[in-house]
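First the structure, which I've put down as structure tokens, then a few questions once you've had a look.
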Amino acid sequence: MLITDALIIKQEEIIPGFHRITLSAGEAAKNARPGQFLHVRCADTLDPLLRRPISIHAVDREKGEVSLFYRVVGRGTALLADREKGDRVNVLGPLGKGFTMPEGNGGVAVVAGGIGIAPLYFFLQELSVIKICANVFLGAATKKQLFFSGGIEALGHNVFPATDDGTAGYYGNVVELFAQNLSDSVYGCGPAGMLRSLCQTIKKYNIRGEVSLEERMGCGVGACLSCACKTVDEEGNYRYSRVCAEGPVFTAGEVVWE
Amino acid sequence: MIPQNVGVINETKSKLAVKIGGIAMKNPVATASGTFGFGSEYAPYIDLNQLGALVVKGITLQPRAGNPTPRLVETAAGVLNSIGLQNPGVERFIGELLPGLACFDLPVIVNIAGDTVQDYGRLAARLDRVSGVAGLEVNISCPNVKKGGMQFGSDPDMAAEVTRAVKAGTDKTVIVKLSPNVTSIEAVAEKVASAGADALSMINTLLGMAIDVKSRRPVLGNVLGGLSGPAVKPVAVRAVWQVYRETGLPIIGMGGIITAEDAIEFILAGATAIAVGTANFVNPQATMDVLSGIKQYIIENDVQDINELVGAAHR
Amino acid sequence: MIPQNVGVINETKSKLAVKIGGIAMKNPVATASGTFGFGSEYAPYIDLNQLGALVVKGITLQPRAGNPTPRLVETAAGVLNSIGLQNPGVERFIGELLPGLACFDLPVIVNIAGDTVQDYGRLAARLDRVSGVAGLEVNISCPNVKKGGMQFGSDPDMAAEVTRAVKAGTDKTVIVKLSPNVTSIEAVAEKVASAGADALSMINTLLGMAIDVKSRRPVLGNVLGGLSGPAVKPVAVRAVWQVYRETGLPIIGMGGIITAEDAIEFILAGATAIAVGTANFVNPQATMDVLSGIKQYIIENDVQDINELVGAAHR
Amino acid sequence: MLITDALIIKQEEIIPGFHRITLSAGEAAKNARPGQFLHVRCADTLDPLLRRPISIHAVDREKGEVSLFYRVVGRGTALLADREKGDRVNVLGPLGKGFTMPEGNGGVAVVAGGIGIAPLYFFLQELSVIKICANVFLGAATKKQLFFSGGIEALGHNVFPATDDGTAGYYGNVVELFAQNLSDSVYGCGPAGMLRSLCQTIKKYNIRGEVSLEERMGCGVGACLSCACKTVDEEGNYRYSRVCAEGPVFTAGEVVWE
């Protein structure tokens, strides 16, 4: 866990509004685990004030590089997208608890909705290192938002696309598509509605599953309690967990959807 | 060369020492309650021993789950929060969290909050017996909890009553934390001072809210929240300025401190110590950056003792 | 094509009309007193006829020279000012400044301030006879003038007394402008409402100050000043939200409005109209940008009448 | 008077901390008069919030270009210095009342202290257009801060330098130097202390003189009354004038120094 003024190696606009930024951050690259995030200072002024949490999307340990894949939704991400190669961006991390790497030889599925592929891509990189081949269910509004399917196949995984408008793959909901192709364990990230239904599916079929959640963050390090998310433990006790510290990855069973 | 440098540093150190009631701080830089967890969260980023004091998250008698989410929203140069005093309760604090701080060489100040005057008295009495607690910061001003908080802080007589209850329960230093959401913060300060407070801290957050124009609903789960960060600094400096004129008590000043210059502004206004809050979110090393900037300022300006600067803008 | 467009624009126009007491505004966008001079200063930049209302700089019975300088200092996302009600006095206002506004097609609201209740009554009576004045905005909250301002606004009964004096002096629409520097803005609002106010405007500036760490002196010539700009928006939205729940009076909301989204936030909180203040300094066309953004919002969201949005976040 | 997103043609650091920025702003170039200023938005975020007033330093009407000469003293000017050729900067103006161009054939002097040469250079450009040759008293802390003396001579004026440290020209105060070389009218700009003593000299010798003042500004257009400066009229009535509207240039007799 550290703070760096990371040099921007590359800033790419994958499709309009969706950027990938590659940072030189050796320590972060070395320590990062899939599902963790960086807390990014998008501007040097007092407005916007707070950092923005962005998942670690890909890591090149040899080059000491970390990539983030992000969607421009507001001021912070817009300012980040304005930064160019050669600029520096202050990042804090890697932070949070990542995905549990699967062990043994059960089938592994990954379910991503839209920008939700961001952290899962890194997870898929690590899976292929330990020679696990996953079924990857990529959901998107439309064909051109099915990100990195080529790269994912190149990592040795199987891609099953689903689009809301039917322009590619399965015509409909990515969770439905997954439900038709269950596996022993599943790892999900995407919009809240999608994760909710993924968690329902996981419970219904009693499989192992983890999801990566989002909540508005202050500190990112567990100190301010702003990133609360309602969870329930095995004894049925409810509490607020910190997405930045106990998460962002939770088991499907822990998360309480309200 | 090395011994010389050490000499300079030690000299600077002693120039920085301040006292808040019975609490000796090696420098004026504290943490603001609720923004720094229980200290350990920031241990990977700074050496906690360098802090003047650690003020921990607000503690209540019973555990509290806190408010529904979202609990935080960014505003222009500020942050609105409504955490709702989520905390494990005083017993688990004493049993599980406090021992971890024993290895650090710094005064720990416990921020306490209650729903009734009795709650405050009981919290004080409970913590009075506990070693490793240097003092209590009495949160009479938290605007997030419907019962308690708001009312105590906004009525001078109620504030005084809480102060008396806490004083009756403990011999430790009692710091009362004032709310800016009042017509006259001086009036509250005076009553609290007469009720026996050893020191004051100010300001807690300003009551505020934000509405999402898309959903047309309040952003925060709790609707109202407390505003902190650079946006509120002018209000906070004013409060310290006004209260310094009216009472003789030492003040811990806070509200929007990001840089050493901000901290010095509070000291010149009348704060003996300062606390860094929201800035920690932006920069986990903010307390240390503020501290080294203060050192630089006193060296550059040939200040013999930081206490000379306290309230200097009044003179 | 052209007639069609005109149709759309006219339709949008009528969807935007609001009423503040007896004042019909063609849209909800007004100017905040003291930030827009007497209108003519901004005539080179915008078409004043497009404004919903023009609220002019605060006027007193006698001319006032104003406070010593510096009168303004920038803070994080905000501005502190202590102009001190510099103005030519009501007679020269009526004789020299008001006639220049006669050629514009918009309601002119005169912001008035006094040292005594009688002053307010006299100002109201004097302006009652003057055509070209649509209403009075009663500044009971200006924190810059030692006598008057602060005291009237911070005491509900005094505020009510001023309101009654003004109402007794005029049949024009009386809008009372509330101060945020109070423990309960609802309490002040309620008293002012019972005293006969036709509408409320809020918020005036937050009491604040800044200190220069080099000179170790307060920056403003007048020491204390009023904070405005985006920094205060959460406090202002909260004030509108609270007062909307308590009184049935129309509200002109202001405090940190820069964009149309900001304006809509106030409307959703309960403001019938809004005023743009500090934003004019940043962008002389801010009022027009806010207006066109509001138009876009109601078209995009298929809002039939802007009045539907007033207080919608409560529902 | 207008608002433009002016294109940056050039950004030069004349000496460390002193920049000249050249903007493409045809309308402003056409309408500008010496002593007027632009109100410059140094950042697009809400922090810093306000514009910064900067005098018009030079104008090229043919190219439609306006230059500003500024010293980096705080956040606003630092952000302005960060902007590069090709970026745009939002400016409002020309604003304010400039210098009265001298008529007839009395001797004209210009007295500048440090960065005070900024507006006076434009004044000297215009003087040379109407074929008036001025005595220019350039004061600075040290030699390398005697700005543009070559350019001023090239415009046909006489330069009399003065430095606080004696590294060039007269060893001492520029107002003293001027007092030893009086003329019929004088135009001054510089730090408050210098202008104050210049105004005293002007009154003492009963010559014509104008000075350009600074005050913290809000609107820049006369609406907010924050830029007040105490003045006295011919009947001896005191009032606060607006530096942005009645000024920034005032006659020496008007200004009340406190």
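Annotations
Per-chain numbering from 1; labels A, B, C and D assigned in written order.
One rule holds for everything that comes next: a residue touches a chain if its C-beta (ideal position, glycine included) is under 8 Å from a C-beta of that chain, and two chains touch if they have at least 3 such contacts.
Bear in mind the structure is a predicted one, so any value in this text is a computation, not a measurement.
In the assembly without subunit C, touching between the remaining chains still links all of them into one piece. Ranking every chain by how far its Cα centroid lies from the centroid of subunit D, the top place goes to A. Contact count check for C-D and A-C (C-beta pairs in contact): higher for C-D.
Rounded to whole angstrom, the centroid-to-centroid distance between subunit B and subunit C, based on C-alpha atoms, equals 35 Å. Separating the CA-averaged centres of subunit A and subunit D is a span of 55 Å.
Note on chain placement: the centre of subunit A and the centre of subunit C lie 46 Å apart, centres being C-alpha means. For subunit B, residues that reach two or more other chains under the stated contact definition are 76-78, 229-230.
Within subunit D, contacts with two or more other chains are made by residues 46-48. Taken pairwise by the contact criterion, the protein chains are fully connected, each one touching every other.
Subunit D contributes residues 1-3, 41, 46-51, 92, 215-229, 238-240, 245 to its touches with subunit C in the complex.
By the touch rule above, subunit B contacts subunit C in their complex via residues 75-78, 80, 154-155, 181-184, 206-211, 213, 216-218, 223-225, 227, 229-235, 237-238, 241, 256, 261, 264-265, 268-269, 297, 309, 312-313. Across the interface of their complex, subunit D is touched by residues 34-37, 41-42, 44-45, 57, 65-66, 69-74, 76-79, 81, 83, 86, 229-230, 258, 278, 280-285 of subunit C. Against subunit D, the residues of subunit A that register as touching in their complex are 43, 45-48. Residues 76-77, 230 of subunit B are the ones that touch subunit D when the two sit in their complex.
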